[in-house]
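By written order: A, B, C, D, E and F. Residues from 1 in each chain.
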Amino acid sequence: MDNLLQLWSTSGLAQMGLGQAFMILIGLLLLFLAIRKGFEPLLLVPIGFGGILANIPGAGLAYSAVENAVHAADPALMAEFARTLGVTVTDNMKDLLVAYSASGTGAHLTVQQLALDAGYANGMLYNFYTVAIASGVAPLVIFMGVGAMTDFGPLLANPKTLFLGAAAQFGIFATVLGAVGLTSMGWMDFSIADAAAIGIIGGADGPTAIYVSSILAPDLLGAIAVAAYSYMALVPMIQPPIMRALTTEEERKIEMVQLRHVSQREKIIFPLVLLILVALLLPDAAPLLGMFCFGNLMKECGVVDRLSDTAQNALINITTIFLGLSVGSKLVADKFLDVNTLGILGLGIIAFGIGTACGVLIAKLMNRFGSTPLNPLIGSAGVSAVPMAARVSNKIGLEANPHNFLLMHAMGPNVAGVIGSAVAAGVMISLVGG
Amino acid sequence: MDNLLQLWSTSGLAQMGLGQAFMILIGLLLLFLAIRKGFEPLLLVPIGFGGILANIPGAGLAYSAVENAVHAADPALMAEFARTLGVTVTDNMKDLLVAYSASGTGAHLTVQQLALDAGYANGMLYNFYTVAIASGVAPLVIFMGVGAMTDFGPLLANPKTLFLGAAAQFGIFATVLGAVGLTSMGWMDFSIADAAAIGIIGGADGPTAIYVSSILAPDLLGAIAVAAYSYMALVPMIQPPIMRALTTEEERKIEMVQLRHVSQREKIIFPLVLLILVALLLPDAAPLLGMFCFGNLMKECGVVDRLSDTAQNALINITTIFLGLSVGSKLVADKFLDVNTLGILGLGIIAFGIGTACGVLIAKLMNRFGSTPLNPLIGSAGVSAVPMAARVSNKIGLEANPHNFLLMHAMGPNVAGVIGSAVAAGVMISLVGG
Amino acid sequence: MDNLLQLWSTSGLAQMGLGQAFMILIGLLLLFLAIRKGFEPLLLVPIGFGGILANIPGAGLAYSAVENAVHAADPALMAEFARTLGVTVTDNMKDLLVAYSASGTGAHLTVQQLALDAGYANGMLYNFYTVAIASGVAPLVIFMGVGAMTDFGPLLANPKTLFLGAAAQFGIFATVLGAVGLTSMGWMDFSIADAAAIGIIGGADGPTAIYVSSILAPDLLGAIAVAAYSYMALVPMIQPPIMRALTTEEERKIEMVQLRHVSQREKIIFPLVLLILVALLLPDAAPLLGMFCFGNLMKECGVVDRLSDTAQNALINITTIFLGLSVGSKLVADKFLDVNTLGILGLGIIAFGIGTACGVLIAKLMNRFGSTPLNPLIGSAGVSAVPMAARVSNKIGLEANPHNFLLMHAMGPNVAGVIGSAVAAGVMISLVGG
Amino acid sequence: MQGDIVSQGVELMLFGMGTVVVFLALLVVSTTAMSRFIARYFPESEAPALAALERLHGQQSEPSDDPNLVAAISAAIHQYRAKKH
Amino acid sequence: MQGDIVSQGVELMLFGMGTVVVFLALLVVSTTAMSRFIARYFPESEAPALAALERLHGQQSEPSDDPNLVAAISAAIHQYRAKKH
Amino acid sequence: MQGDIVSQGVELMLFGMGTVVVFLALLVVSTTAMSRFIARYFPESEAPALAALERLHGQQSEPSDDPNLVAAISAAIHQYRAKKH
């Protein structure tokens, strides 16, 4: 009978909270969007599944051993925790966790050991998060793989498109303003670091967003990653109205001159030029852009094809699986279900919109003052969201003029946007994270 | 001269114990069985080789830095250890290790640091074990890969075969009884946690057995893993006599109706249904079954093929290599050569036999009361041992009736057995490990 | 304005030291040699790139959190460090780092925590180094992969060529003598452990050199790895003059009898024979040679092809990427730019030369006293540098006699050299590292 | 868990085996319900299902029955595989 | 950073966007300079470049225009791909 | 290790080189013994050995000497490789 009670009390049904049930539905929704609607499935399938796992009541997969012990709330153990941390036990166990995270090295380690000795263990997803994201390694490895898949040819053929990649990053900083504005009006409660991490959604670049939030705002990481990948999937719906509203039919019909041939040597030297510029000007962007350039150099140099192939396949796939599950661990109900999450989702879509608009407007400006014709539609590709945004530019261009193939022209600003948001990430880590 | 002595004293021959020599022979035997006889070579080659490495005298590959220091037994260092741990030095160095594992955080860390400072290091296999198994990650990743290779089609076409997968798990619990019986008679010395870990051999599922023993009985892990994989390889010899003894010629001739077509949608939804049931009823099975369902969802959803391919190939292979070597580290003589190991080997084969028998008997029962004909031979496949047990069912079926193709019908109970033993693992971790 | 100053003060240009600029040029040089000249690109591309990353001023990618804190030199934090470590703050921050590395467990952990709490983090390359090299795992995994790519057939067909692999290791020990000689004359400052690690360059085997230096002389690892791989790439230039000087035209023309057929069984048993010999005689070589034999057994046994394929592809490639970047982290200016580095580069090439000469001379000796003809040109392949040195033997042989195909004959001493230097590594770790 | 080890073992058997049976019985029920629900409300028309399968597996149903071609194909595949090793 | 959060945000915007634009502008300049430098001093003659490309990609320019062969090839590739799954 | 660094180096050389030579000499002896033992007691009959090798490598000895076929094969393989990039 005792055993039956024990089994029942450890069952999920007996412990299910409303928040957890809701988050499991959110996880199922993400899976539906990924599988049925094709929303960035490579990330959203693991994230959605991880989100469900994180919210299994009583399993504690997303919690550390100490958190699991505090949730179990064994009175004798809690008393010992409180004594070690030098606080009085209260009914609210959250106080204990606050005291724990503020404690010095000695107390910290002792509490950990107490929890482990009492049979509590780190949850599986907590371990994945620690190894993959808290260490920073997973986004960097993915960025290396992305570098090894990126062709800078179109950018090198027309370097001016880098300005479009710069312009579209205005979405990032406008969103920072929005986040601090909401906070100053008392509607939300974001620190300046939170605001910076939210802004990076506008970079339309998953690994960059995850890397920045893991440093500046780990608690918001789940919402930020979900927003970033969802809106990247929604680019074909978000961008076209903005692009049509800001351009005339004539502008959309502009045909661009064919891109010049780019030599292999230029492609090999380019990642090194970029790396040196980063080294001289913005060391805080060095991990992200360094790994990106390394991947690209491996691809272009032609002498380490087996490393480049592995970076583009086995390594990036393995990392993606664990990155996704780790992000899912941040969809745990008591961290995700918060009014701030709504703010993040709202600000994220604004960031995409503003980035798109700025890209298009600067493209119009450059077209007016430049000598060679520039179709403003390729400006929107500057938000990155590779290669979706470039495809959108191409599609809208074809609608206006069936002989107007913008895809390769849009790949320039598209990859420039990746560099641009990595630079923005570096600035924000430098100014806010220090 | 001193150097010659030093070299000789560090050589293997000078330090070889009888147990180590014997275990090296066991390792060679496992390699022989794997390579020549085809016994589960993917696991037994790394396990056998790891077992030899672990028993190289003087290399200490399977020991932690502290254990290596204690084995070296430098008097000054031992005195310092004893002082830190607050015990008196005795001739028996095992006392020191016992005091060490019982010590608090501070003393623990200090002793570790003393050993490292004195030049002792964790052995290679000890590191592999810590990262791959003690963390729990390797069996879970392998389970994910197995999920990505599993086709639930036959199970979905005939869900009743899940009962056969349940029935065959009786082998697990009968073995638990056997283990506690031997203990109560004083022939062996197993705790209830040990008994549970031994029972899981009857699950005929390698990663589940390793996962459970790493939590409930790490010291028995080597013997349990070796028994589990050896008996899985012996399924074509263990099962047929039992199957023939419990069925009549007429029963073996029963032809089953062809399985219905199962739609892709059902296959996509099934892992989610299973996951939700786990979440509601048995959170302690969530890591194992969660990763299994995740792998299966990746395979079936059709939108993340590159992740699914990696989970089935590079990732599971890399993990298998390190899992095997890590299991081998538990074949170190002073942990493996114990009367309990003989008990484990004996109980393991009984577990397989009872599981097989229960599967067949329940299949006979279901055949008697069900409407559609059910060949009892597919019941034995409920022990899992995928896909070997299903092939055995097919072979015995063909012997009785050359038109009787049972393979696909037996795959249903076969994969049901995987779920069944993972559920059993969850129950045992919940009741015994808490 | 403050922000502008902050951005400028964190920029690379403001912090660039002469040493860092020089090391970035060295990194670019390594990339040039690897990409344009084909110098061991699989290793030198990641090493060169890692070297550039390590020297990005202000990024601190190669430093631990504590080192980064000390470089930032915030006065309040430094005072707290000094108090914890029980030293007085001086202007020279190096004193703090010395005190830190000499401190006990408690102070060590506290200083780490202080640095982390103040917002300093371990650099990316520091983390890679810790996981990949300090743990010893990366060189061992690469050795496993090399084992899985090695064919011992030519060696088994003519086991006497093992003596050539032994002879060529004299380069290792002659270099040890050279290093201690330079030290005793006061020109350099190497400990006996340093000398041993430098000697291993003469083994012409990258993973062995990295493994030994990570244990015996971590500070010299960068220079040793760069020297080892560079000289391996230069083998076609270093060896031929020595080979021609030490042999007569007649000797170079000697044709060797065709190698006998080697059965699969011999190939399967050989790694086990080697492993048992290691276990009996030289346990300190067990990690290196054990993983090597394991890889080779996986390849030859024919029943674990999927593991063997992964060890030769995804796993070794992933490990190579991180090993290379980690080695690059040791090219950080304040560790690499040292007169000792010049000594290492000089001694390394001498090691290659002496090894080549000894191999050729012993081959001449064996030819004089043996019954079957032996072309002395295959002696030089005993330094390893697989398969470059064997190709060099073949090429010089063809120059003297266009019908003289030495490639397969040279593969015997070539792989024997791998075993020989791993044995030498074991001896040195046993005698010097204990 | 209270009591001597044998009674612990018996309890573990009863509760364990009970849970396994109950859990898998619930799974039978849920799976059957799920399959019926899908068959009723979201039936896959056979043709698209086949197409999806083909898309998934990169197969194509075009006949390649020229015996010469088949020989060439299998030889090419053999040689490709041989090259891989 | 001093001041209330809005002014911090404004500063972050100004300095951040400024850095992005300056950095990418410098990249435009350096890239253009690099391309010109290479075009001038290390021009790739077209033929070798093509050869290098081919070497890199394992392609060969030999014509394979026999329609029978092309059919065999594509069938073989289909079958190979199908086998992979 | 005692003594000044040069004598340490000399000792390391003597013992190190000695061990390398002794170890590899023992390996020569054991390997030769092993090969003879296998040749004597477990000889592989040539034909099965070949078959095993072929099984291992997925090769097959069927002749593919039709020049047309060979051309198709090599073209298919080229195209397959080109596609991979």
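Throughout what follows, a residue touches a chain if its C-beta (ideal position, glycine included) is under 8 Å from a C-beta of that chain, and two chains touch if they have at least 3 such contacts.
Only a predicted model underlies this, so the values are computations on that prediction, with no experimental measurement involved.
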| item | value |
| --- | --- |
| Farthest chain (mean CA position) relative to chain E | B |
| Most remote chain, CA-based centroid, reference being chain A | F |
| Cα superposition angle of chain D on its copy chain F, in degrees to the nearest 5 | 120 |
| Averaged-CA centre spacing for the pair chain E and chain B, given as whole angstrom | 47 |
| Length of the line joining the C-alpha centres of chain C and chain F, rounded to whole Å | 23 |
| Distance from the mean Cα position of chain E to that of chain C, given in whole angstrom | 33 |
| Inter-centroid spacing, chain E versus chain D (mean Cα positions, whole Å) | 40 |
| Shared interface positions of chain E, touching two or more other chains | 1, 15, 19, 56, 72-73, 76, 80 |
| Chain B, residues touching no fewer than two other chains | 3, 7, 106, 109, 281-282, 302, 313-314, 427, 431 |
| Residue ranges of chain C touching chain F (in the complex, touch as defined) | 155-156, 159-160, 162-163, 165-166, 169-170, 172-174, 176-177, 179-181, 183-184, 191-192, 195-196, 262-266, 269-270, 273-274, 277, 281-282, 302, 305, 416, 419-420, 423-424, 427-428, 431-432 |
| Chain D to chain B touching residues, read off their complex | 1, 4-6, 8-10, 12-13, 15-17, 19-21, 23-28, 30-32, 34-35, 38-39, 42-44, 49, 52-53, 56 |
| Touching residues on chain C, where the partner in the complex is chain A | 3, 6-7, 10-13, 15-16, 24, 28, 31, 34-35, 38, 41-42, 45-46, 49, 52-53, 55-59, 61, 106, 109-110, 112-113, 119, 124, 127, 313-314, 317-318, 320-321, 325 |
| Sites on chain C touched by chain B in the complex | 104-106, 108-109, 135-137, 140, 144, 268, 272, 275-276, 278-284, 286-287, 290-291, 293-294, 297-298, 301-304, 306-307, 309-311, 313-315, 427, 430-431, 433-434 |
